[in-house]
Amino acid sequence: MSEPVIELRGISKRFPGVQALDNVSFDVREGEVHALLGENGAGKSTLIKILTGAYQADGGQIFLRGKPVTIPDTRHGLKLGIAAIYQELSLYPDLSVAENIFMGHHPSLRGGLVNWRQMEQRARAILHELDADDLDVSRPVRGLSVGNQQRVEIAKALSHDARILIMDEPTAALTKHDVDQLFAIVRRLRERGVAVVYITHRLEEVFLLADRVTVLRDGRVVGETLDVSKTSQAELIRMMVGRTLDTLFPKTPAQPGEVVLEVRNLCYGRTTRKVNFILRQGEIVGLAGLVGAGRSELAQVIFGVTPAESGEIRVNGRPVSIRSPREAMALGIAYVPEDRKNQGLLLRMNVRENTALAVLRQLLRYGFIDYAAEDRLAKEYVEQLQIRTPSLLQQVVNLSGGNQQKVVLAKWLATKPKVLILDEPTRGIDVGAKAEIHRLMNALAQQGMAILMISSELPEILGMSDRVLVMRQGTIVAELDRAQATQEAVVAAAMGADELHMTLVASTSLNP
Amino acid sequence: MTARTPTLSPARHVRVLRTQEGVLFIILLVIIVVLSLLSDRFLTANNLLNQTRLLTETALLALPMTLIIIGGGIDLSVGSTLAWSAVMLGFSWQLLGLPLPLAVLVCLLTGLLGGAVNGYLIAYVRVPPLIATLATLAIYRGFSFGISQARSARGFPEEFAFWGQGQIGPFPTQFVVLVVLIVAAHLLLSRTGFGRWVYAIGNNEVAARYSGIPVERVKFTLYALSGLMAGLAAFIFTSRVTTTRADAATGLELDVIAAVVLGGTSIFGGSGSVVGTMLGLAIITLLRNGLLLTGVKGDATFMVIGVVLIIAVLINDLVRKR
Amino acid sequence: MKRNPLNRSFVVLALSSLVIAACAAPPPAAQQPAAPAQPAAPAESQLPAGWKAGIPKNAPDRKGKKLVIRDVPKLIGIGYFAATTKGMEQAAAELGNIDFKTDAPTEAKIEKQIEFIDNFITQGVDVILFAANDPVAIAPVLKKALDQGILVIGYDADAQEDARQFFVNQATFEAIGAALIEDMVSQTGPDAEVAIVTSSLTAPNQNRWIEEMKKYAAAKYPNLKFVVTLPSEEDQQLAFKATQDIMKTYPNVKGVFGLSSVAFPGAADAVKQAGKCGQIAVVGLSTPNQMRPFVKEGCVKSVVLWNPIDLGYAAVYAARAVADGELKPGATTLKAGRLGELQVRGSEILLGPPFIFTKDNIDKFDF
Amino acid sequence: MSTPAAPTLPPLPRPRRWVVQQESVLVAAILALTLCVSLVNPDFLNTSNLLDIAVNTAYIAVAAAGMTMVIVSGNIDISVGSMLGVCATIAGELARNDVPVPLAFAAAVIAGGIMGAVNGALVAYARIPAIVVTLGMLSILRGGLILVTQGRWIESLPQAFFFSQRSTLGIPNPVWVMVIVALLVWFFMRYHRLGRAIYAVGGNAEAARLAGINPRQVHFFVFVVNGLLVGLAAVLYASKFTAIQSNAGQGFELAVISGTVVGGVSILGGTGTVLGAVLGSLLISQIGTAAVFLKVSPFWLQAVQGGLILLTVLVDVLRRRRMT
């Protein structure tokens, strides 16, 4: 095995009130993929920020090819060949794709002038490598789907021609298909001798991709760095959470009841085309598909964000018209959106305020907010969902991803919905919180709630769903029951592999 | 963030002095103490009550402006709306011969209309607030000149002066009105669902919409409210100065915004309070008043206020970051 | 308060008839076009009949005592009011025993001006001098000053008559109007098209001058045609642009009036830079310093103005005289230092006829 | 913060780029207005009239170029009016006291830069919101200016001082300056790394920081450049008139900001161009002159101006909405 390209020895970092990293040692070798695991808050982000130069360590030393270095800022880090794809998308909405990729290191002419032509060419070339040829490099990023934005992020890191590439959950927003492509790229980079630090919450990826794995917990390395070939999922989970989880997808079989939600020939623009499906009490229906297949858009149509242009929605058998989220809420529909930070949370407001937001009207007494009632409500859900927060008055921006997601869930559960639409409910959430949310979903379904779960994570779809709907190009192309739903079947339907597709459509009675 | 056991009790009282309002209050106290040492005429009930007459119109506009800025918007047209409303008061009374109470109603409705147009443009047509109100700033001012043909209405009956010059007990009439409205605005913002919605929209409009908040209606209401307050301010102003001028309150929007931002309301929306705004306004007004009483000239006062504005915000930042 | 039925209307006809009626009766009223009927004079027996101006309540005897005088012009930061201040300071120095200071807002805004006066009342000064941004709006605060025994004297721009004691009138509106028209006609002839660049459309003095100019012209030069009146808001750039636009929109215009110390140089600059000196006459009111270059180049033949230094000077002498009990209702003259004896008509102190600055005498003045 | 996820659309047939841009709307508006007014009054189409409009707008447009940088970076500067007054006074005072005119001009520009640097330092390093800093600065400079000048206009300036009154190759100097500044700043913002960094910081400061850009430097930089350009605007302004008004520049900030935002520069930062800002300033200025040409009653002038501005903005807002 080759020598470490970069090595951290005894790194410590303290933030007010938190020891984020405590004497962490970590190294990456040329031509390896080194997975970094840990729950949210374990210190992964801090570690990579120290690597890139975004943060400075309080103690310890960094060695680059055996020589001690200091990385005073990210610019310096980039010069040393250390690039990162951060978990938070960090794009400039009004600038073009090409410029987003090359900001900070534009291909230049003399005098610091930007060479636009070369920049766009190179951007196209990089995107080509990512198999994203359809992305117009001169259009602004605003309006791109999350998946495409993620590709721009990856292209951005690749554009640095980095020797050390840090990827913080690069696949969180990608579907199976995209993930495969990304893996191909990562492997290609590895062959070229790039050292990759790979952070993920998807354990299977570790085994598919990584050579070695390091687990962080509470700012320390758990045990030592392991060879992937010598460990197991169970062991990694135990290392991460400090206990054993019974099972990843604790699915309890449902007893579906009445039809609660029925959608007929629903249309909106080019993204929702003649969609038909039903949702029964007490069942969890998984909605699978590639990014851009129109799943979130469908949810938004049902929820009234972008009201349907034609078609029919029935709730409890009654045809209804849903023109806004408020009307959807009044009908007992709740929607936990995909983009937690932009669509779900008021980051600068506290847990209590976020939890009560959707049911504020019910907490009013003579027009004024009944604080005691609000407190009771928030407390109830904080306890029920085990939201870990120092107080109800904590700003949610300070919570971990999993707890933030629970706050969004709490907000919607407080509305006592009959239909709960969950859009990527566990994206970017650590294993522990994920299992908790899955258990919660089961419990809710048991109580008779109808759940529509959009997910790009196949194991989650397969593990949690009583039924699976597959969307492609704005419409539902397959409906599979739990027994039928295999990885192959779903992927085939999602990608439109012809034969499978035909079979599946034939075997399910979707079209009226 | 590491997981901690939830402690669910709010421990608010300890932090009061660390809040924006706490810091501003201390700054205000310091200013009052210094000024009262410099001039014996400053810290008298008479002087302070008198100041409330002078600041009422600004304060009335600052109340809705606080809400609007918290909600992520801005209203630059308030001064023009005030002038237009005042002109309509004079116009409908003097030229159309309406009875005075009806003319006052016209004045309030004019303000409401001006605000509603802003609200409609911003909430439903989705013109960015700054641009929409920059345009209506010119338009409403133009209406004031056009309708009045730049002539002022005057000769209001004496009883009309009650609202701008009269007293209720020892208090100036408009001060009483103002206090009632401050309390109302404070309760509206901090205690009602509507107020919470305003914060939510300023914090994250998309999330607010996804949470079933009628974002458009809230925004529309805010601007309409701002217009209505401008109408009310116009009425009180007219009563105070006994005439209606097309160029009344020119540039008042800057004074109003200065008070709001000094009061700690984030110009980017999402945070702020009515109490803060009123403290900000009190700081500016008392500083101007006190400096003048101690014999500092207007141009120098101007400079001092600029410096205080910057320093107050700086101190506030420093104290709260700690 | 009784309302004059005429006040119900803004129409020019009614206004001018009011003005004519007012002017027919001596003394020449300085009230504004739409000013309401004045309330009855205080029923004090020692007051002369027809006295309508205000009287301070329970004013202490200030004879020979030190006076605290505060001057609140329309705004500070412009040459004209810097000149009145200069005159006031001269007078204060000559008289001695006077604590004098000028302070006012930096923009001509009545709201702010009221605030300044109000603060001076609180401060407990002896005399408030003012040049009103609005004759009516300023009245309540001036009356408040009178109620507290403060002496209130106006200059340059008057308030409602009952809101002040005396007003130093630099020149009657009629005289200024006539002088401006005569000046213009002497350059353009009586059959010309002329335009006006005023300060702001709401400025009371300017509006009154325009009124008088049109009245005078209608009587004497009926063929003088006023094509447009544009505002310039005390901004030389706007005056410049307005004049440019006038010259292009109305190509037959032979003369432009610049009715403020900012509008006049702005208008003159526009004519000069368009190369139309001599073709288009520029006539107006301004200070010699601001107009000197244009007068010297010959682009502007003459500048009509009273001497603002003298105006300020007279105002402070008036204040002293009122405080000493020498200038009281019914007086007909005022001794004003180097200005000699000034005429007093009713509650107005007359500075004399407007002054015409020309190439020959303009260098003698520095304000 | 990441961008809000908008509904994913299949790739649209891309509209031609010039249709998308605000500049084209402004050019269309300016042409339409010119055409309409000249139908009523052909003199409007006169070269000299059009040049006059350009000359009268030049100093606003130059400041708008600076304002564009400030606003794109996510800030705002409302002290430009006071700065203009101070810089104009400095230039005039120096020239009157026999300092060579070019030096006097340079001093004004540098003074602007220094004031801009103060603003910039307070915003970038003391981290006070720009609106607070510049609101304070507006007050400080305005007060200081009056304290110093006491309202005295600056006259008897040397002949060489009147730069703005002269022409080069038949085009008035201010127009040259405006065009050159607009092109230079446009070029800089479009093609220079630092110019692109302004967009980056205004669009997403955190991302910019991670890309190795120092947002504080950028904030500081834009305020300094804005100050320099306001200094230049002051030179254009001061050298245009026979005497310099002592309280110059009142309300100037509103004119500059109006021009800039009508020109499509988003007040939220991150997007907009200098050409848009210059065209926006020109349009507003032209509307004023057009109203006089159309013999609109001066009492209604402002209402008509405001209405036309609103109309332009509405066209743009609706156009954008149709695009998405």
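Every chain is named by a letter (A, B, C and D) in the order it is written, and numbering of its residues begins at 1.
Simple rule for what comes next: contacts are C-beta pairs under 8 Å (C-beta built on N, C-alpha and C of every residue); 3 or more make two chains touch, one makes a residue touch a chain.
Quick caveat: nothing in here was measured; it's all calculated off a predicted structure.
Distance from the centre of chain B peaks at A, each centre being the average of the chain's Cα atoms. Remark: chain B and chain D have CA centroids separated by 29 Å (rounded to whole angstrom).
Between the Cα centres of chain C and chain D there is a gap of 37 Å.
Distance from the chain A centre to the chain C centre is 73 Å, each centre being the mean of its Cα atoms. Multi-chain contact residues of chain B (touching two or more other chains): 145, 148-150, 206, 251, 297-299, 302. Within chain C, contacts with two or more other chains are made by residues 76-77, 106-107, 201. Residues of chain D in contact with two or more other chains: 4, 142-143, 146, 251, 266, 299.
Pairwise, the chains that touch each other are A-B, A-D, B-C, B-D, C-D.
Across the interface of their complex, chain B is touched by residues 4, 78, 122, 126-129, 131-133, 135-144, 146-147, 251, 254, 257-258, 261-262, 266-268, 297, 299-307, 309-310, 313-314, 317-318, 321 of chain D. Residue ranges of chain C in contact with chain D, taken from their complex: 76-82, 106-107, 201, 228-231, 233-237, 240-242, 244-246, 248-249, 251, 262, 265-266, 268-269, 272-273, 289-290, 292-294. Those residues of chain B lying in contact with chain D across their complex are 121, 125-128, 130-132, 134-143, 145-146, 148-150, 206, 251, 254, 257-258, 261-262, 266-268, 297-303, 305-310, 313-314, 317. Per the touch definition, chain B reaches chain C in the complex via residues 39, 41, 46-47, 50, 53-54, 57, 94-95, 97, 145, 148-155, 157-158, 161, 164-165, 237, 240-243, 245-252, 288-289, 292-293, 295, 297-299, 302.
Residue ranges on chain B touching chain A, taken from their complex, read 1-12, 187, 191-193, 196-197, 199-200, 203-204, 206-214, 270-271.
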